[in-house]
């Protein structure tokens, strides 16, 4: 599948570079927390970094979800039929996992 | 401060290797999510991985917090005085950040 | 607007009785927590009840959101235009509030 | 056990009136959400109220937990022995429930 097709299908491609940059930073944060434990950093400071990382991940997730609703779900709704129902069900399940995690 | 002293102070050293292994895995999960966006993986599958990573981080945070209460907070409480109050205040603030993140 | 029209618009009417029953129970749980504080119940037991109430509320919220996506958002998507965009934006904002609360 | 003893044991009595007032408001919020569903209020507005109620509950929980750490946990830590361990274990479990709910 070409990138253009992927963009059409998955929808978040417009912001892809921004997502990739944020996820690079998130990877660095994870590495930083590993190093903090290794160096016996004070517990509370590690917890602060974990909260920051969780918030950063949450922001990425909410962005992807918004893109997903805008593109896939709206597309499926316009196509109608069982595909639309399946997409909504899938999106609701993903939202439930996010709310609970 | 030597590593041995840090261990005595920060208290989570007994499980340090286990924490480091879990954080290595978390780093790998973060890298995997980056790759998924890069390869235009289906949105919902990326969200599932983000939820899994958030849960893994949460588990590490709860473990560190438990260790912190067991060691630093109990130690400070036994020493008493303003240090004990400060430790509780700090722990409560960290808990609030975790609950909200 | 008549109740029937509202039902057609807001979409969760099919389960309305079930929602009302659950919200009655939630109200009772809130009253129970008030009574526990009044009677100096042990802190940890109160916290357990608060977690249970939060989970019950979360379940109601996820149910309402699913209904909303199924009805309003799909409907708006089919109608298309700026209304569809506005509905998605509104839903995403509600999801973000749920994830953060 | 008299109320005075309960106060000494459970520790949050100093703010008891404030907690009771907040829980009264929370009860009213729960009742309001029930009424909104009954009157077919727009879904998103109900979700906003649920998020507000969840945040209010979270604040009460964090307050009670802080009181609990300050009084029961510090007290148990000073007494020492298996009671201290049990209190920490119990507090950690309550924190985990809060973080996950």
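Residue numbering begins at 1 within each chain, and the chains themselves are lettered A, B, C and D in the order written.
Assume a residue touches a chain if its C-beta (ideal position, glycine included) is under 8 Å from a C-beta of that chain, and two chains touch if they have at least 3 such contacts.
Owing to the predicted nature of the structure, the values given are computational and were not obtained by experimental measurement.
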Sharing over half of the contact pairs with A-C by residue number is what counts; pick that pair out of A-B, C-D or B-D.
B-D
Whole-angstrom distance, CA centroid of chain B to CA centroid of chain D, is 23
On a C-alpha centroid basis, what's the spacing between chain C and chain D, in Å?
21
If you average the CA atoms of chain A and of chain D, how far apart do the two points sit, in angstrom?
31
Residues of chain D that touch two or more other chains sit at 58, 61, 65, 91, 98, 100
Taking touching chains as linked, do they make an open path (line), a single closed cycle (ring), a hub with spokes (star), an all-linked set (complete), or other?
ring
In the complex, chain C touches chain A at residues 58, 61-62, 65-66, 69-70, 73-74, 77-78, 80, 84-85, 88, 91-92, 95-96, 98-100
Applying the document's contact rule, which stretches of chain C touch chain D when the two form their complex?
3, 6-7, 9-13, 16, 19-20, 23-24, 26-27, 29-31, 33-34, 37-38, 40-44, 46-48, 50-55, 57-58, 60-61, 64-65, 67-68, 72, 90-91, 94, 97-98, 100-101
